[in-house]
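Below: the structure, in structure tokens.
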Amino acid sequence: MGNLLEVKSLSITFEGNQAREKVVRNVSFSVMEGEILGIAGESGSGKTLTALAIAGLLNRHGAVSLEGEILFQGKNLLTCKREELRRYQGNDISMVFQEPMSSLNPVMKIGRQIEESIKIHGTLSKKERKEKAIWAMECVELENPEKIYHRYPHELSGGMRQRVMIAASLISNPRLMIADEPTTALDVSIQHQILKLFQKINRENHTAILFISHDLSLIYHLCGRALVMYEGSLIEEGNTKEIFYHPRHSYTKNLIACIPTYEKKV
Amino acid sequence: MKYIIKKIFFFILTLLIVVFLTFLAFQIIPGDPAVSLLGTEGTPLKVAALREEMGLNKPVGERFLTWVLNFMKGDMGISYSYQIPVSELITDKIPVTFLLTMLSFAFIICMGIPLGIYTSKHAGSRLDRLIMTVNQVTMAIPPFFLGIILTYLFGLVLKWFVPGGYISYSDDFFGFFTYLIFPAIAIAFPKSAMVVKLFRGSIIEEAKKDYVRTAYSRGNTINGVLYGHVLKNAILPVITFLAVVFADIIAGSIIIEQVFGIPGLGRMLITSIQNRDYPVVQAIIVCIAFVVLGSNLLADILLKVLDPRIKL
Amino acid sequence: MADTILKLENVSVYFEKKGWKTIRTEAVNQVSFQIKEGETVGLVGESGCGKTTLSKAILGFVRHGEGDIQLKTPNPQMIFQDPFSSLNPSKKIGWILEEPLRLSGKYTKEDRKNKVREMLQKIGLEQKYAHRYPRELSGGQRQRVSIGIALLSGSKFIIADEPVSALDVTVQAQILKLLKEVQKEYNMTILFISHDLKVVYQICDRVMVMKNGRIIEDKKTEELFQNPEHPYTKLLLNMDTL
Amino acid sequence: MKKPEYHIVFTVVLLGVLTFLALMGFIHTPYDPDAMNGLEKFAAPDLHHIFGTDHFGRDVFSRVCKGLGTTFFVAVTTVMIGALGGTVIGALTGYFGGILDEIIMRFNDVVASFPSVLLAMVFISILGPGKYNVIFALGIIFIPSYARMVRSEFIKQKNFDYVKSAKLMKAGSFRIMFLHIFPNTTSVFMSSLAIGFNNAVLAEAGMSYLGIGVQPPDASLGRMLSESQAYLFTAPWFAIFPGIVIILMILGFSMLGDILQQKNGGI
């Protein structure tokens, strides 16, 4: 299997009026076709910014400067034209965000939001798009897709909204799906179902998933390979089990020690 | 549907409260309407007869009911100063004020909405800063002063129109229409500046939200995000504001009619207030209340259509 | 045998939605339990199961429909989930910590200042934080202040409603440690509400599992984790292994 | 957005100058604002009369100062009545809620849906014109908008956990309302004071312009504008200077309102 995505010494800097703050430093890694790669880290570690940079969602702010290379199928997303980047967004690379409520447009029907990316990138008719949207909703195990198609986000539960987000991002059959803390806002039992869903999508559609979470145990269960980020730097990379049982960096050790488990007490 | 019925119910209820309050307000005024109506020739005997005739001897509740029922039939009482039915006085004034209000509202929409979109899209650019500075000053201009300036500039210096040379709509509708343009601008300009500011701020606020990021992640263009996602959300507070603006336009038109010498409802109201011609004042207030509350009702319904989250 | 500090008997809480027809939903349904002095009891359940409503009913923030709540301690305190709204944003930390002392009316100004100083030390914050506003503190630091408020108001009973779920894991561990220390030192009684069984496991002596407004399991911690009875508890326990 | 510093400096200087002029109107003006001078009718602005003179030969600058003073006085007292009444009503109804809240708010809706000038006119038609009647009418009319604003802030704030925390400390309702909650509403409150001030200025000027507001001998900017209109062609300065002063006043306070809103601390 080849590399789908290659990030080479990526740095992200916030340009304030006076101060410059480097929030991601020199991060390099790659995502292979069809794998699930996890990025772990606490708030402020730069994991979300890295994800946004890959999805091309950072360069529209003037206050952020990006250095390095992000190669998607060999194409550098950081230097290509906006138009070219746009052709990848939602088509080959799709995103699932943390807060399904605020990440969905509150005044737009679910159906239209799910099929938006194929409307932008494809040439399908309205009817075909709807068929595809229904298919995607079935994929993510939403019941009554015909009904939900005409609903608005606030009428759904948190778990259903996240399924909608995932349906919207898998409808175009992307090569890479970036999921940024997709289960943090959800209840444990629903978390569980959503994770299974990601596994299924990965298996059936052969979609590579970049799974970002603060929860190391989730990454342990879901991902084959993982990265650990701390204060903007990549401090650990490798096989998930390897990281879990033989962490090299002291921060990783501390992080693992802090995970509440049934074995130890405060 | 239930929402709309509820809103209409409240509209009627509020209107009734307003009508009752105005009625009550004019009941507690010192002075006897019969005396003021008769003026200097009011002998006690005549006054008593007139009181009987006007039904002033009956209790307040009964008088209110008769008044409301008569009002709905189009009988708004008799003007003290002109001695003719109020309805006759008002009917030919209504179209004047109505057109002035509508024209002003149209100006506000046509100036406020596009400028709001333009400035928010180019927020921070030189032109945006220029527009917003001018905007800030424009907001501060009282409509009647703008009216005076327009009269001076376009009426007296440039002679584009004749100040005070009002043309009745029954004589020459086109002339009437053109005469209303400057008054409408005087009302609309400061208000549209407010709309620009509010709309621009609302768009910029909305553009920071998470769903906008989602829209970009699907490959939308900037315009696609703006017109497909942001505007529908950003317009919501503007609609609420426009309902308020509508009420303000009516208030503005009262003054502007005075500035440009337009014989509309506003001018009638002022003269009636000065002459203490209460039946006329009362009738005009109720008419305005109807329009203002009606515009609020329309805004509520429009909001409900645009925003599925609204529940009562 | 320690005294019972909180006793609930068949407590139900209803939510009423007024409209043309009043719709009544049960948030808490026939709940009974006791908490003894010095106990740390966990209340576990998913969002919407009624655990927060129950805690509000205990503190009197919502009225309960039926049943009896006996709270045998004068000033219960609460540590809230969202550390960003639980401290008054317009007051400095020093003022916030001083407020329960001021309200008790027992102390002179100097006493109060001293007590606040001691408390800052106890909860692991430097003295300079007394002059900061809540917005200048991190989530973990704010939760420390919340614990400080509870202690300064002389409370013997704390309801901690998801006190660590908004925090990073490393900070979580610190706050749990502080809570445990404080509990031991003052012989506090704590009702610890959480959706996270693992966190509850670490700090509680006893765990109650709540579902759809009912308490479905109530056991000593070790026992619950070794042989859960109710299928829902089993499900929750199995969540962590995919 | 412009650099905020210039914004603030400009606003402070502008309001400072206006306050100075208004104070001059109360204490000492270069000419007696009411002294007529038949020889100096419609004098164009020069070194003696920097804003020129009017149709009675009165010094426009002195009259503007005095009118500014009147307008300031009317606006400040009006806002005070409105804000004070509104805060008490809004705080009580917002914090306690209940049936009284429903009734008062429905009444508020009625009043607030009307243009304030219009309502003031109704009052004036009953009370008769004059400075104090204008203050009374506008003050009463402004109460609902403040009550509504304070109420919605209180409803928002009372659901925050810090209020529950204060209740658990057994703080009394009034302590919670005015010591705990009220400081958190100040940024919204202050900026609405500025907006209210502007509405008062506009309403007073408009009513005086229509002749149903402040009455002579009190000078008023609105009244000056209405007097000036007949002589617009011969003496445009007579209209322009009072008008510009009104604009500057409203501009200053609306910018002050924006600044206060931006300085929003709060949650």
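By letter and in written order, the chains are A, B, C and D; residue numbering begins at 1 in each of them.
Here is the rule we use: a contact is a pair of C-beta atoms (placed from the backbone, for glycine too) under 8 Å apart; a residue touches a chain by one contact, two chains touch by 3 or more.
Computed from a predicted model, the values in this text were never measured in an experiment.
Student: Among the other chains, which touch chain C and chain D together?
Tutor: none
Student: Among the chains, which one keeps its Cα centre farthest from the Cα centre of chain C?
Tutor: Following the centroid criterion, the farthest chain would be B.
Student: Between chain B and chain D, what is the gap in Å from one C-alpha centre to the other?
Tutor: The separation of the two C-alpha centroids amounts to 21 Å.
Student: In whole angstrom, what separates the CA-based centres of chain A and chain C?
Tutor: 34
Student: Taking each chain's centre as the mean of its CA atoms, how far is chain A from chain D in angstrom?
Tutor: The computed centroid separation for chain A versus chain D comes out at 52 Å.
Student: Counting only residues that touch at least 2 other chains, which ones in chain A make the list?
Tutor: none
Student: Go through the chains and record each pair that touches.
Tutor: A-B, A-C, B-D, C-D
Student: Going by the contact rule set out above, which residues of chain C touch chain A in the complex?
Tutor: 46-47, 168-170, 172-173, 176-177, 180, 195-196, 198-199, 201-203, 225, 235-236, 239-242
Student: What residues of chain C sit close enough to touch chain D in their complex?
Tutor: Residue list for chain C touching chain D: 59, 61, 75-78, 80, 82, 84-91, 99-100, 103, 133, 135, 146, 149, 153.
Student: Quick one: which bits of chain D touch chain C in the complex? Just the residue numbers, please.
Tutor: Going by the criterion above, the answer is residues 160-162, 164-171, 180, 183-184, 186, 265-267.
Student: Spell out the part of chain D that touches chain B in their complex, as residue ranges.
Tutor: Answer in residue numbers: 1-2, 106-107, 109-110, 113-118, 121-122, 124-126, 198, 202, 205-206, 209-212, 222, 225, 228-229, 232-233, 236, 239-240, 243, 246-251, 254-255.
Student: Mind pulling up the chain B residues that touch chain A in the complex?
Tutor: Residues 209-211, 213-222, 224, 229, 232-233, 306-309.
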